[in-house]
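These are the structures in question, set out in turn.
Across the two complexes that follow, chain A remains constant while its partner is chain B and subsequently chain C.
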Partner chain A sequence: MTTAAVTGIGVVAPNGLGVADYWSAVLRGQPAIGPIPDSTYPVRFAGQVVGFEPDRHLPGRLVPQTDRMTQFAIAAADWAVQDAKLDLSGFDPLDVGVVTAGTSGGFSFGQRELANLCHRGPEHVSAYMSFAWFYAVNSGQISIRHDLRGPTGVLVADQAGGLDALAQARRKVRQGTRLVLTGGLDCPLCPYSLTAQLAGGRLSDRDDPATAYLPFDVRAGGHVPGEGGAILVLEDRAQAGARGAAVYGEIAGYGATTDPHPDSGRPPNLRRAIELALADAGLHPADVAVVFADAAAVPELDQAEARALAEVFGPHGVPVTAPKTAIGRIYAGGGPLDVVAALLALRERVIPPTVNVARRTVDRAVDLVEAPRPLTGSAALVLARGVGGFNSALVVSTRDIVDR
Partner chain B sequence: MSRRVAITGIGVVAPGAVGTKQFWELLMAGRPVTRTITSFDPGRFRSQLAAECDFYPEQHGLSPEQCARLDRVTQFALVAAREAMLDSRIASTGEAAHRVGVSIGTAVGCTQQLEQQYRAVSDHHEHWWVDHSRASPFFYDYFVPSSIAAELAWLVGAEGPSTVVSTGCTSGIDAIGYGCELIREGSVDVVVAGGSDAPIAPITVACFDAIKATSSRNDDPETACRPFDRTRNGFVLGEGAAVLVLERLELARARGARIYGEVAGFASRSNGYHMTGLRADGREMAAAVTAALDEARLPATAVDYVNAHGTATKQNDRHETAALKHSLREHAYRVPVSSIKSMIGHSLGAIGAIEVATCALSLENGAVPPTANLHEPEPELDLDYVPLVAREMPVEVALTVGSGFGGFQSAMVLARDLGPLA
Partner chain C sequence: MDAFTLAELIRIMRECAGEDDQVDLDGDVAEVDFAELGYDSLALLETAGRLAREWGVSLPEEELTQVRTPAGYVALVNRELAQSGAGG
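== the complex of A and B ==
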């Protein structure tokens, strides 16, 4: 079967713009969680992107039509195309697709226009609103910017959706689409968006950035939100070889499940998502060099994740890391950013650390990586769970990949 | 990819008709249900029209708790899904739960609550730092529309892959297409798939006012939506849901299920052109149609009925007519093409699923719905648009197309029976 290879990466993250800066910060465990300016809410910190200049990173005419989330997406797609050394003019536009994930839409733009509607009147709503805040905007804008006319998609499954998008892109490559730009970006830090997350009850209200987001720690008390994400170029491995493109690795396996209703008495399904992904990749648990955890930092969710990992890999059976402790949970952007870190960890043969977590005990069976550790093997497992019971597991592999 | 996909259950919540039977009767009567908006005072808006559902959730089996907690879009989806499940007579999922998935399309998710929550937290003041303490405890579920997929999964007992597909106005077709892929690749045996949207709120109406996409024929609500007509002047906003039970054909046949037809082919493309504009030549929609027919292994001449996107905007109807001529060639002039949006409006992410349901009902009932309000086609729009009156005719193969903001173009082919399993 066709191998879906990653040949380009574009990153916009709180700890770095571009894949090189991001990876360097991830490996150092450099924290990038800081105070939310002017926030009087019981959420004090977020992973915020610094140094992103819309006027420099995208065409001026797109700036007033787009939410910050979409500005990130357009830049990340540009950088992914550059990173893949792609000349898209060599492709039939109908052979190139775009599949992204979103969770919220362009809601900072949306908050402004809702204010115009409610406080000034309907005639003050922007002509761009109809397509700036809906969930499909990033796929649309990326396809237009690069004249990509192939299969498209937009998936929403809360934090799990980012991995679902990569898996859908892989399906399209396997079905014969020559190239797919895929990933997810989110930017849920405007007051309206923070209010929604506060209502969801999973945000940390801590007043110290170093203890605000502590998954697998006894002190876990919710997460810090973040903004950003990644776009990846996915293509058939043979084609990548033919055009002389360097390959980061392949999307080797995927599994997705949904949890039953909490009151159903039935067991949750993260374990099965992991097993499906491994089977899809043709791998055994022992082949997995590292797990990038979902890391909810809600005690019962941490325990459930620890249990699923122990059931598949055995107690202390696999190194587990959560670099998102340095940048927060980024919803649709979180899974793709972890996939980028996993690919680079495999390439550089080093596991990046989980930061801040020190008094971990929710489950001692978890072998949490707290300082960079040498990596052996060629496959990594990335997990993401979404509110509502969505479980996604993705395996990336560097089997038979020549060093870049 | 050899597994085939059967449609074994249908549920519809549409303007003028809650329930599949009532919906089909409405279509056959050719009766538009567009009207002046009643759910809020539309006096300040350019377009004051919509096709609204007369929907009383408690009468359709939702609990008081669900009525209070869930946005209208989720209520539509649940009511349609329940009807589809009953219609399919599929056994309760039980131990097979992990072989059941959910794929639900929505363009704008919980818009009504998103607006309502803004009003609550802003409390009549234009502060950027809104008062978070005034928000509903369910605001997060409104914020991220995958809550709709979660509610459906719980309703039907699905523990396989579940997701929301949100590709604007092609969401409904695309969600059903995604569900088919899950069955074809073997991930699941059953997918509850469809689309739902409840966009009739001031923010949505204001958005479409701002770009003059909707009809302003406020003095004549019933005939406001006139697809392909010389006098058409925009679409009319709608709302509703359709949910299908998709099932691996082999299993559906083995259990003796009533099979409306098979989803024979699906494809989506983009125009790479403009967020709201369309190229006149319709090449990308044509490419989607051709790819869907190729997947179905059917020639263009096999298509007996085309359910059009037919929004009644100037550019859509030209774009679509060109796309059908490119993809179906001479056959485009022979095949009946109709737009049900003339009657029930454009319900964004729901309508694609409602139109797939319409195609399935056409296969089942041997009839095609008309394009209402079409008295004088624009001269260059020269296909058979089935004006005014439904047509009884055998339908073996039906094609539906969709087009939406973001440049998305989708096509799906249904077939009554593609023959014995290989």
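== the complex of A and C ==
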């Protein structure tokens, strides 16, 4: 079977622009959660990207027609292509696809234009509104920019969607598409977006950034949102070797399940997603060197995740980390950022820490990594859950990968 | 009544549709195809929306889709301004 290898990475994250800065900050556990300027909402903090300059990071013509999340996506795709040392003009456009995750689209662009519509009239609404706030726009803009006409689409499953997109990209590579740009970028911090999230009831209203997002902690009280994400270049391992491309690792396994209705009395299905992903990768639980947790910071969801991990790996059976405690939950961008961290953790043989969590819950069954720890093994499991009962599990592996 | 100028068109397009890094809009672009300048049909539509607000001129959609160059766009605007009696 074709092996789907990651050969390029582009990152836009609250703790760093570019894969090197991101990984360095993740490894140090550098917190990047700060106050939302002028927030009058119960949520006070977010992981915010600093230093991103649209005029410098993307073509001037694309700036007026894009939401901030799309500006991130275009830049991240450019960086991933550069990182993979790709010349896309050497590929048939039909051989290159784009599969990203979306959550709710370009909310800040939408908010601005809806305000124009409401206060000034329809003639004041941008023509670019027709697509700029659409949740599929990141895939569309990346494909237009690079003239990529292979399998292209968007997956929507809240935070789980980022892993689902990578899995769909892997599926396409296995079916013969030569390259797929895949991942997800989100920017859910404008008032319109925050209001929608507040209605969901999972946001933290804490007044201290160090205690605002504490998964697996007795003080867990919801999460802070963040902005950013990552684009990865996925291609057939043999092709990567033939063109002399360095390989970060492979997408080795994937499983996705949905939870039963909350009123059904039946338990959630995260465990089964993990088991499906391991079986798909041909691995046993003991082969997994580290788990990157979903880390909802909602007590019953933390308990469900701890239970699933204990059932599969045994109590305290596998190191678990959640670097997202330093940057917040980034929805469509969260899974891809965790996958990037997992690939680099395997390569550098070190597990990055979970930050701020100090008063662990009764679920001491979870071996939470709170300071960088040596890593042994060649496979990592990344988990992500989305509102609505989505569970996704993705295995990345560096089996047989020479050092990049 | 002031005539609508190429410089005014370029100013508006820069503001509402951005500028291609490979193109010098301050150069001699009057007869250059919009496609070469990096502007697609949506950019022309966005520009028309701004013109409607700033100059009070409504460009017929079927004629707008026929326009290929900045000079053609300026001519269309001036014709509509003259016909409607609107403008500066």
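Methods note: the second predicted complex is superposed on the first by the 403 of 404 C-alpha atoms of A that agree within 3 Å, B and C clash if a C-alpha of one lies under 4 Å from a C-alpha of the other, contacts with A are read in each partner's own complex, and residues count from 1 in each chain.
Rule of thumb we're sticking to: a residue touches a chain if its C-beta (ideal position, glycine included) is under 8 Å from a C-beta of that chain, and two chains touch if they have at least 3 such contacts.
Fair warning: this is a prediction, and the values are worked out from it, not measured in the lab.
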Chain B and chain C placed together on chain A: clash or fit? fit
Max touched-residue count on chain A (chain B vs chain C) belongs to chain B
Based on the superposed arrangement, let me know which partner A:Ala365 touches: chain B (first), chain C (second), both, or neither? neither
- Task: Name the contact category of A:Ser130: first (chain B only), second (chain C only), both, or neither.
- Result: both
| message | Just checking: does A:Ala246 make contact with chain B only, chain C only, both, or neither of them? Give me first, second, both or neither. | response | neither
Output check: A:Val63 vs chain B and chain C. Expected answer is one of first, second, both, neither. What do you get?
second
| said: Output check: A:Leu88 vs chain B and chain C. Expected answer is one of first, second, both, neither. What do you get? | reply: neither
Practice item. Quick one: classify A:Ile36 as touching chain B (first), chain C (second), both or neither. Key: neither
Quick note, chain A centre (C-alpha) to chain B and to chain C: the enclosed angle in degrees to the nearest 10 is 60
Shortest distance over all C-alpha pairs of chain B and chain C after overlay on A, integer Å, is 6
Chain A positions within both the chain B interface and the chain C interface are 65, 123, 125-127, 130
Listed in rising order, the residues of chain C that touch chain A in the complex are 15-21, 38-39, 42-43, 45-46, 49, 52-53
In the complex, chain A touches chain C at residues 59-65, 123-128, 130
The residues of chain A that touch chain B in their complex are 38-41, 65, 93-94, 97-98, 102-104, 107, 110-111, 113-115, 117-119, 121-123, 125-127, 129-131, 134-137, 139-141, 143-144, 146-158, 161, 164, 168, 171, 175, 190-201, 256-261, 264, 266, 269, 272, 331, 386-390
Chain B residues touching chain A in their complex are 1, 44-45, 97-98, 101-102, 107-109, 114-115, 117-119, 121-122, 124-126, 128-130, 132, 135-147, 149-150, 153-154, 157-168, 171, 174, 178, 181, 185, 187, 202-203, 205-211, 213, 267-276, 284, 287, 404-408
